[in-house]
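Got some structures for you, see below.
In what follows, chain A forms one complex with chain B and a second complex with chain C.
Right after this comes the complex of A and B.
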């Protein structure tokens, strides 16, 4: 059973809309400022993995996830200022997949900012994605917040350009999460130089929000819950007082605090992933701060998938995870502890059995 | 001679096989045997891994590994267990068949099908070192 989080009511229009969306996966984000008039929200949808079967056929399960997230996001009241799509629109980077996914995203009645995922990139190195969504890294300002989007799924040149006999094989090798032939993600020197120049234009007290597909931190290399040059990117962000990084890729709830930087993951609309600690043969570094989401129930097709509504206050974000078959989660910056915390489950005595992963 | 002793002697004799001059005891095996048997198992594990990442196991191109990287979150050590969604105690193979039919939109396998055995060999191998926990949810 899913229950509606009380403070989501104000975002949802009317009783019928409430009933329709009571079990949807969306992440909601609000940026809140001391002056409430400055607060605003945006929605975050990620990891749709639209998968082409052949002809006009696509995997129904993943289609339904994205269709539902789009429909629910369109019902939000008050309306979010924009929507971010966090990457992996496609499963194998095919035009059919990107076109089919883009057609579904086009139904959003808001401006959409897109992030590159590895499943969008490694067939044609982002060429067709760029035709649909433009630049692979860029920044913009909105109501006093500096937003940055990075392509964090690049890797070593030799792996990208010399190792594989075909583009299709390169895509397949990177698409397998647990494939030992894969290669660690990185932002790379070109983008880090660009980021340095971009950040030089703003004051150190300007709230900064970075969108990337991979975590700009190191959690588990075996599944690329990892960015190889994470420390270099963090060093560029460190001088700023309010920094938040929001990332996809991991298909699960994660949050962390490193120096001034808060990290939040977002859910997938397609399927959930196990926490790395569930793999008995490897060590992971899941942030200690993270209270895991509930173990997924496979008998509910949309369980442990979702979308987010994000509320920005004091330049910090509150992420509302809209989960379809689970109680919604709210992870917000705690200004006393100076780190994100779960509003319900953070104290050890509040945790529930489904949050134990093994 | 008691009947019991006679029986023991007959049983002991039946365990000795004489080939030429060599007497082979049934429970004796060599390092080479151990290597060969492990190799037989690992060959099946590798076949299971190939099936795990295969787009052809079901009908829609979805592979087991998409949701279960390194077979994580499959918990072979907990089976047989009460699968609460099905309402009875089942073996792991029945849950694998559920996945083949639902997310993979494919056909179930016989529980002793070599592909089913290979999938279970791989899943168990990825879970090596974890304590048995039958019935655990």
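Right after this comes the complex of A and C.
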């Protein structure tokens, strides 16, 4: 029998992958990470959608998803350098929801960076969230990588401030899918100006990793898989040789490459979304590179949800999706193709068909 | 053992053995409700092999004290379990950590043991001989010494495998035991007669309501499968249903880390899980190191479940009613107890009424095969 040896990658693989990897001599695995000093990992949990029912009651299913992600993240060996929570901690922006979610996230034994989601924002325009997590956009440097967090879920001032009779209605309108009353997300001019100045401080060969809630690319407007000023933000990032954007919101596996920018989505802990074209029967611009998620079994409420840990090697990102009741996925930057690829399912004959109709 | 029951078991055994022997392919005859028993190509069934396997299965000399055989914990009189023990007793009354699963219909499992750490019946029987709390032998050599010298075994191995002396190894021993175990199949229950046999009155009204709940609101059928032509009542998968791990939640990170860091061999894993209750509770994680398997155990078949109490991998639940209540509570045995962090997404509170719980129990009582009906009445 091949013995288990301690390696973070193996730790997260499913049984079959584990068997294959753990049969390799230890040295071969080590070689893959030759310059270990430059490598580090962080974990990414997103879209918990903690939902208050009334009194002390919350939707059990969403609670379980976040509790499990936190418990598993705490067991990672070796430990990640930090954790990012990718937004939509709450379902309808209520204090009860943010507090309940924050209480669960507090159990993480690592530093947590938070991203604003529209479900956290549109009730009180991020006021209570900011009390808990501070600035809505900020940057920091870690082991040679420049990290940036954006609030990408803003929209037109008129829509935000003048259109709705109540904050509750504003929240509900923004939470709806295919809602003609909705409005597209955007980063907005203020943040773009800030971003420009922030990026001016670093060299063009510094690896840059951007966290946003919505994709900084345009996929499907009806569900706000969309950022209205995506091209403007991309233009600011374009001069850098090595950029990665990691976003939540879509509750599914997506990845793409535009110029020097690699895009990766992360999973929700709450529920999976189908790919828009299969559900809304509407045109979507799902990136061609993306191999859709393997079909989920709805009996298992956690299937097609999960969390991920992210390996940064020489500034490039490898996303390891830890998927409950499903096969784990790895999407990594391929230096020959200069784009992210799914390590197992990219070849057409290896794919597990997703659900494409309802 | 009651004489009548020996007859029934042997008849079933012989039918399968005969069919397999003549065709050298998987048996084509199977009781109502079950598919033919899967027979591995390398271990075809013969009548003599089954008889040899049964002899080995019952031989107490294959333990360090000479007091324990396979049949000690898999007692034919108790539907091949050791009820009412919650966990099994091996040599010197030493106890393990897990409830002895029945041998009946084990032939249909894709993996063996509660955590699936063994891939086949042939592999499975190697391990209890050596486990210090089961049969406690230092190695398999004492078994080989006996089967190579005892005249009855010498004749039998020669006849079945055409092997003598050093040619007889644990491969032959375990193949014979597996062949015997593959004859222990049982279906043809009232449920089978109703569902597959078209006997409208084989179930009573409560059992029929129980069936509707089983495939509906109770969410049972998603793991305990019933199909169009057969019902194994298992999905051959592993799930954390909130048994065992609920009691050791704070220790999970430490236990998991130990398994990831240590270089345990298969034998060491076997010893670990059966001698340390807390390690036992992390379930299939010891096999795969996958988070999805923390606290997860194999879905057992529900056939003859009424005669194999107590329940769950640790025998911690005494009655079928309490089992249903555990599921109704959403994966906790006592309502209000904390749910474990790694609970399977399939387990959630069911909100079943007391009468519905009764109906589900009634349905499970309709899964008893005729050869175990007398036993069911005693309980």
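Just so it is clear, the second predicted complex is superposed on the first by the 316 of 358 C-alpha atoms of A that agree within 3 Å, B and C clash if a C-alpha of one lies under 4 Å from a C-alpha of the other, contacts with A are read in each partner's own complex, and residues count from 1 in each chain.
By our rule, contacts are C-beta pairs under 8 Å (C-beta built on N, C-alpha and C of every residue); 3 or more make two chains touch, one makes a residue touch a chain.
Remember, it's a predicted structure, so these values are computed and weren't measured experimentally.
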| item | value |
| --- | --- |
| Which superposed partner A:322 touches (first chain B, second chain C, both, neither) | second |
| First, second, both or neither for A:59, with chain B first and chain C second | first |
| Which superposed partner A:344 touches (first chain B, second chain C, both, neither) | neither |
| First, second, both or neither for A:299, with chain B first and chain C second | both |
| Partner chain(s) touched by A:125 [first = chain B, second = chain C, both, neither] | neither |
| Touching partner for A:77 - first (chain B), second (chain C), both, neither | second |
| Touching partner for A:68 - first (chain B), second (chain C), both, neither | second |
| A:202 touches, of chain B and chain C: first, second, both or neither? | neither |
| Where chain A meets both chain C and chain B, residue numbers | 60-61, 299, 301 |
| Residue numbers on chain A that touch chain B, as the complex places them | 49, 51-53, 59-61, 176-179, 222-223, 271-274, 276, 278-282, 295-299, 301, 357-358 |
| Residues of chain A that touch chain C when the two form their complex | 1, 3-6, 10-15, 18, 60-61, 64, 67-68, 70-72, 74-75, 77, 299-303, 305, 322, 324-325 |
| Chain A-touching residues of chain B, taken from the complex the two chains share | 53, 60-62, 65-70, 72-73, 75, 85, 98-99, 102-103, 126-130 |
| Chain A-facing residues of chain C, complex | 219, 222, 252-253, 256-257, 259-261, 263-266, 287-293, 330, 339, 341-346, 348-349 |
